[in-house]
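Labels run A, B, C, D and E following the written order; every chain starts at residue 1.
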Amino acid sequence: MPSASRLDTQSLALDLVLQPSHLVVLLPAAVSVLILVLTRRSARGAFVIAAIGGLLGLLAAAALLAQQARGGAVADPRTIGELKVGPALAVPLRLQVDRLMVLVAVAVALVSLVVQVFARWYLYSDPRYRQFAATVGLFTAAMQLVVLSGDVLLILVGWELMGWCSYLLIGHESERAKARRASYKAFLVTRIADAPFAIGLAVLALGARSTSIPQIVQHWQSAAADHGTALTAALLCVICAVAGKSAQVPFQDWLPDAMEGPTPASALIHAATMVAAGTVVLAKLVALLELSGTARVVLTIVASVSMVGAAVLAFCQHDLKRLLAWSTVSQVGLMLLGLAVLPVREPADLGISHLLSHAMFKALLFLLIGWLSVLVGGTIVERQSGALSKHLAVRWLVGIGLLALAGVPPLVGFVSKDLIVDEAARRGVDGDVSARIAFVALVCVVALTAAYTTRMWLILVHRTGRQRVVVREAVEDSYDIRDVGIVEMLAGSPQVDVHGRPLRRDEPMPPVVDDDDDGPLPEPQPGAGARTGLQLLAILSIVGGALIFSPMLEVDWENANLWLIGASLVLMAAVALLVRLMSIGTVYGDAAARLPLPLRSSASRGFDVDAGYVGLVARPVVALARGVARLEGGLDRGVQALPALVTRVAGAGFRLHTRRPTSGLVAVALGVVLVGLMGVIWW
Amino acid sequence: MVAALLAAPLAPIVAGLALVAGDRVPRAVSRHTAYAVSLAATLISLLAAALIAYDRPSLNRPWVPEVGMRLHLAVDGISVPLLLMTAAVGVLVVIHARHEQPGGGTPGTFFGCLLLVIGGGIATFLVQDAISFFLAFEVVLVPMWVLINRFGDPKDASERARAAATFVLYTVLGSTLMLVGILTMVFASGTADLATLARHPLPAGQQTVVAAILLIGLAIKVPIWPLHSWLPRAHTIAPTAGSMLLAAVLLKMGTYGIVRLVIAPLPAGVERLAPYVATCAVIGIVWGGLVCLVERSLKRLIAWSSVAHMGFVVLGLMSGTAIGLQAALFANIAHGVVSALLFAVVGGLKHRWGGDDLSVARRALRDVSPRLSLALVIGLAASLGLPGLAGFWGEVLAIFGAWNPGGDRSTGWFRLLAAVAAVGAVLAAAYALRVLRIVWMGDADGGRPLPPSPESDARGGELVVVTVLGAATVVLGVLPIILLNTTSGAVDHLMAVVGR
Amino acid sequence: MIHPVLPMLLVGILFGVGLYGVLARRNAVLVLIGVELMLAAAGLLFVTVGSLTADPLRAGQSMTVFIITIAAAEIAVALAVILAVFRARGNIDVSQRGSDD
Amino acid sequence: MTLTYDWWLLAPVLVPGVGALLVLVVDAIAPRLGRVHWALTAGLLLVGAATVIPGLLPSADNPRRTLCLSDGSCLYAVDHVGAGLQFTALVSAAVIVLLALPIRVPTERAPVQAALLLTATAGASGVVAARDLTSWLVTLELATVPTVALVALRARRSATDGALSLLTTSLVSFAITAMGAALWFAATGTVQLGGDAVLAASHDADSRRILALAVVFIVAGVGFKLSLVPFHAWTPEAFGGASVPIGGFLAVTSKVAALGALLVIFRGVSVLGTSALAAIGVLAAISMTVGNVMALREQQALRFLAWSTISQAGWVVLPLAAVSSHAVRAAAGYLVVYALATLVAFAVVTALAHSDGRNHATRLASYGGLLRRRPLLGVTLALALLALMGLPPAVVGLVAKVLALGPVAGGRLWPLAIVAAVNAMLGVAVYLRWLRILFGAPTDPGTHDRLHPVHLAVVAIGLAALVVTSIAPQLLLGLVGR
Amino acid sequence: MTTYDVLFTLAGAISTGAAVLAVSTKHLVHSALWLVVALASLSGCYLVLGAEFVALVQLLVYVGAIVVLVLFALMLTRAPIGRSRDHDTPLPQRAAALVVGAATAALLSAVLISAFGNDAITVRGGSTHVLASQIFGTWVWPFELLSALLLIALVAALALSRMPIGRRDDSEADAR
């Protein structure tokens, strides 16, 4: 262990056992351990640990970024040492620090810090705040491990740990059956998708005789011709796992249900960690993706379908939080397309840049919807309608987030999205099939994204809606749309006229408790730190696009197709106008209200994919399990019947053993015959 | 150092015999005496095991020349982890037994039987002689029978008798078959020394038969599907301490026996039989996982998960690769630690609830007893193969190992098996979460979490036990290298002997 | 000069008849008679073989004498036991179940 | 014809044989001495056992011969195994005598019983060393005939019934054995059991056939004495009817004689090196299975022990199924261990029957809670049962199982080995039944006398023997050579 | 067909017939008497085979002693004098016994005959003197043991005949 540390001021290279890359992973993990070990009941102590740890993690990431920018970062720091598992496989378990991943690490650390700070306010009175903060720390560590991993086994470690943390976070409020079910579903769906992951990684690693990612890439690139089928199969396995983690078709349905978790958890899952992990992993293996046309086409189709379908669903959602969730699915699809349409032999900058921008604005939006839900008591359209018209503090932030999501220039969403569209168009013109598919899908998504962001904005700023919300009893974060169904929900909520006044005046008004008695209460708002964090995210959402000009990202921004940009802007404007027109005259300013009710109802249930999961997987498996249990019962009964059988045989024996001397003599005679026969046969 | 070799198995065995024999003369041993003696014996044993692991001494004397038995005690990389785990679990079991001593007999007998099982386990991992191995294998049977038959679930005497009898009879059948195989090898090579046996393999033609007999015999102990039906029954009924020993010590003897007696001396036979055994193992993985999805008794469910986990171990063993073998040895230890933890927790729960039926609605454990619930979460997470915990490395490496099997094994078939095993890991997730959803999160709906009630949480001995085991689970998961590097030398040597 | 067929045939017949007698009789004394016939067959075989082969030690004839003597000793004990059985239960039927204490 | 005589070598037969005469003479001179006869008998037997000791030493010639003819063939030879069996027979008989000593019998009956016991032991000790069919047949009967009388001498209806059962079977078996001996003579032309004549006979197809038949008949005849199924039917009746020590005599000393007799023949045939005695394997398998299965339902302790003897007899002859040099030693070694364990079990039953009354020792149920009621008896019995099932802590039983299975596994007789393994399991089930009762709830006997000191001593010595041999099994197995 | 053959056939036929009658007659006493005839004629066979001493012993011991004993036993056990069916086991068992007996007889005869062939062999009886010297020379060990057996058998028979049979609830010897 080197006792004296050296600091090379030029490259910021540190000759320490613990590199910044280690700290990036270890600090958040330490947060969770320290919280569990050090604090007993104190939420404040937990918060202090979480905040300091998050901040240090961010600093470590920033240091790493600085090192990387100056070229002084250790490219492959070792971790716990090489695992000795025989000559057939080297398991070095090293990290891998490269330009893109450092950026992602910074984004993850930033989002995580903001989430930690925000959660302190959001979950102020939650008795399980400690567990929440610890889990967020572990979650961040796991994501950072995936991001910085240079070894497929380490990826698997982080990958599965994230799944577990998402399970804990989604099931945080486990008093509610819906939360329990949603967490169960989230973990199982992703775990099912992970089963091929291990196989795929095994194929890749065993082929390369090493689990190190650079070696895997090198091996398969050199011998791709020989291993075409194996490589395709392995990549398909990996894509399957990515689809699971990133909530792409056909595994998409767990993500909206994951809204059962507290909103900060959703922000973490959606913005920076879990769903983005798929993009990260594929970005690490993108060089192999180029080698397998089949895998690429499959990825394109999966991403395109998810992207478009999720955008449609987002437009129809009755719950704004679920709207954001579906928009995440759509945006992740966009990132994956960015990887699929990548120029040949290029690093994965397109996908990663969109990942970064998405991390900024989606974290912002989720935290804001959490804030709003505290303010208005829920996230369904009826509650949120007009929320911004009263609570102006969040108005600008929401606006920035939505604009970035929609991809309006010059915000960050525009930059990263447009680069992908541009590339798809370019390669589509070159005749690449998957790029063509991707381009068509992208055009649809540009329009649809504009549509649902406009819709959300219009709902939030609706002027009449807020006044008729008179019932302030506790409302859960979201209704279980799968269970209740939108029809019942609409029927159950008080009827209002066009101006939002209740229709049935004769009923006694429920007591209004908020501001009549004690004068105006101060509006609940996050602490200064959390607000600063939100503002930071908003600023980054605006100016983050400038990152493409830095040397950290190598994207071709100089040859932007201005015609294409123009066309897409026109398209977006037209769609926004259409949505605005649709929203006129609806009760809550909801453009989707014009759509037929069955469609909305079905869309709110994610087109009943859940029933498909249940019918296609859960029921057969449980039926199989029952069958096996029955078989097992039979086996057990069979085993347990043996004593009875032996006892019966013994009974027969006692009948044969008559205790008469003469029967003994008969037995002797028979024995002589028997032995004689054997003697004759075997001699 | 030689004294340590003798002290490790003999301290618990002698103390155990003394406790059992002295229980009636002139009157029953008091609980405190029994506990103190047991704790001292197991601590001595653990200390001796640590010394052995550090110094690796060896003792080789003739004992019963009539049957070729020698008093040959030594360790290598394969047995050191098992030895240490057995000794450590022994201490924990004794501590736990003080916390939760079941009725049905005197403390002297209870602790004595526990000590005998521990001593037998330690002896099994120390002896280097096939016939003494068989002897050590059998030492645990009668005390375990007493533990189940007298100290088991007090509710159902007939079920206790049945479970105990099923356990003993199954195991005796298995070990006698194993003895037949051992004797065949001993007669063929003229020595019972394990290392020498491995160097002088039988002719290939006979290896298959001998390996089949040995594998059937050991499969009962492991257990491998379909010879497992004693396990759930025994676990369900056994007292918590007994369950911990059963899972952490007894099952390991089977896999250790496979490594020592089958894989090393009979490579050709194993290669021939590996597809079948591995298939059974994988069926066991899926079978156990599926049964866990619908099982109502919590303890039995954990027992079933043992069947599934041992399936991974056997799959790794049968793959014939260094990866698979390393995976199996790792998973072996991991399962020992994790299942001991789970049985400690679940036994405690059964004790508190007065039953272990999952269909009874209860309050969320995370609210009622946070420490216990954390232990449960760690245990179940490790059981589903969560990285960062002990269960992960063994399972994932077993799949890696099975993907490219060694020797002339059918690659396609083993790949299929590996894929099915991966699906089995999903089932593990499903049942682990099922338990968490029912027990940890509670299935009573609504309301805010209540403040924990301290008296229902783990305290004292139980807390020590679950803490140590939980910490071991995490350490093994975070630093698998500790274990893998210990075993790698012996595994490389073994693979060199086996020929690949 | 003698054809060995004849004594050998007689050996077989006597043994078979004796065995039949043992199995077919219920009276203990009659069972004894069957046994005597079987023993006679064995003795005859000894004598025959001793007479037909070189038997320097006269083992065949000695053996027969011994067997006859052993039979006598056994008969003595057997009849005593049979009488004891008769005194105990009033019959000497070997097809009657044994009794417990 | 002149013979050589080595009286020391003959002493294990002569001492008890002449001792029987002595007992009768003493009784004639001074009648009604009662227990003195038993003490005298025990002493005589122990003296006899002492004379064997030189043969047990590893340095002893192997084999030691006497009664040699001028052509060099001998009628009497004792090798290490033989010496071990003789020792076992004599010591076990002495223990039986000690067990019988405290039991009150009519004084005129005691010397007769003692003489019968001595004679039977002399026979047992002689048959082991016999090397020709004549002495073999005579000593075998010498070991058998007195047992019939011994069983009947309990003077109960059940005893006479058992004696009748034993009598009829033994007579028929004797006839069969005699025919077997005659056939052997017909095949080889000699009554000596040495290998040469057998080898010569085996070369001719005709005489080979006769030899096969001879072996078959002899095995069938000796099978009765070993209680091999299907020659076993007398065993539960005789055990159940006889007085408890005599049951022990039948179970131990008598078995030593039987195995000794079988081994003599086995040695003669084993030179053929064929599957000459494959039938023994089948008999062993059947015996084990039937004995165990029947014992699973037996409610009477003595009859239970009888069934256990039957199944153990299967284990005893199991190694003989494989013709190898190890087989003889393995069988003898197993027998010695079996003898120790069974003797201890019978000692406990005797002690209990003597103090609590026979009714409280014959039913299995009456052993309830024995471990708590009478810890010494309970622990000893438990250890004996564990030795019989072959499980630690009674390591000696386990080593015996290893010994018995060795030749079978070495000979690769897989079906037999698997049957044996299944029976090891069944055996555990059988003895666990009794063990569970020992552990279970106590049943209170009507009378509760103190143990007779002799019984106490025998039981304690038995316990010590089991413990010592469990730590060092070689002490016991060394009896039959290494 | 030699003279020996004729004589042996004669004696053997009588012996066979008598033996069959001994095991099949319904009269108990007849059975014993037929045994006498069978064994006596068997001693004739011995004579033919040149074993005079054995023949004599056969006559003395069997006909003179054993059969008398048997007859006494039959009388002491109050055997019915007339024909009785009670002496035989049930028909199925007898049928089986017949099969077993016949099969054993056939097997034995077949094996022995095939081994010794059908060539006439000289009978080498040998003198009684030689036999005596062998018995008391070579076979003295079994002979002496045999004497012990006879003695102890007689003692046992004596003790058994004097033994009172206790009842089941006899408390005197309860302990045994």
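Miscellaneous remarks
Keep this in mind: a residue touches a chain if its C-beta (ideal position, glycine included) is under 8 Å from a C-beta of that chain, and two chains touch if they have at least 3 such contacts.
From a predicted model like this one, the values you see are computed outputs, not experimental measurements.
Touching chain C and chain E together: A, D. With contact taken as defined at the outset, chain B and chain C are each touched by A, D.
Among the remaining chains, the Cα-based centre furthest from that of chain A is the centre of E.
Geometrically, the chain at the heart of the complex, using CA-atom means, is B. Comparing chain pairs A-C and B-D, the larger number of C-beta contacts belongs to B-D. When chain centres are defined as mean Cα coordinates, E lies farthest from chain B. One simple way to say how far apart two chains are is to compare their mean CA positions; for chain B and chain E this gives 67 Å.
Note on chain placement: the centre of chain A and the centre of chain B lie 37 Å apart, centres being C-alpha means.
Averaged Cα coordinates give chain A a centre that lies 78 Å from the centre of chain D.
Note: centroid distance chain D to chain E, computed from Cα atoms, is 29 Å. Annotation for chain E: residues touching 2 or more other chains are 89, 93, 96-97, 100, 103-104, 107-108, 112, 116, 134, 138-139, 142, 146, 149, 153, 156-158, 160, 163, 165, 168.
Residue positions of chain B touching 2 or more other chains, listed in rising order: 165.
Shown for chain D are the residues in touch with two or more other chains, namely 1, 69, 134, 137-138, 141, 145, 148-149, 152, 156-158, 160, 164-165, 167-168, 172, 176, 179, 183, 186, 209, 213, 237, 358-359, 429. Applying the touch definition to every pair of chains gives A-B, A-C, A-D, A-E, B-D, C-D, C-E, D-E. By the touch criterion given at the top, residues 17, 21, 24-25, 63-67, 69, 116, 120, 131, 134-135, 138-139, 141-142, 145-146, 149-150, 161, 165, 168-170, 172-173, 176-177, 179-184, 186-188, 206, 209, 213, 217 of chain B touch chain D in their complex.
By the touch criterion stated above, chain C contacts chain E in their complex at residues 1-27, 29-30, 32-34, 36-37, 40, 43-45, 47-48, 50-55, 57-62, 64-66, 68-77, 79-84, 86-88, 91-93, 95, 101.
If you check the complex, the residues on chain D that touch chain C are 1, 69, 133-134, 137-138, 141, 145, 148-149, 152, 156-158, 160-165, 167-168, 171-172, 174-176, 178-179, 181-183, 185-186, 189-191, 237, 240-241, 300, 358-359, 362. Residues of chain C that touch chain A in their complex: 19, 22-23, 26, 28, 31, 94-98.
Taken together, the chain A residues at the contact with chain E in this complex read 662, 666, 669-670, 672-673, 676.
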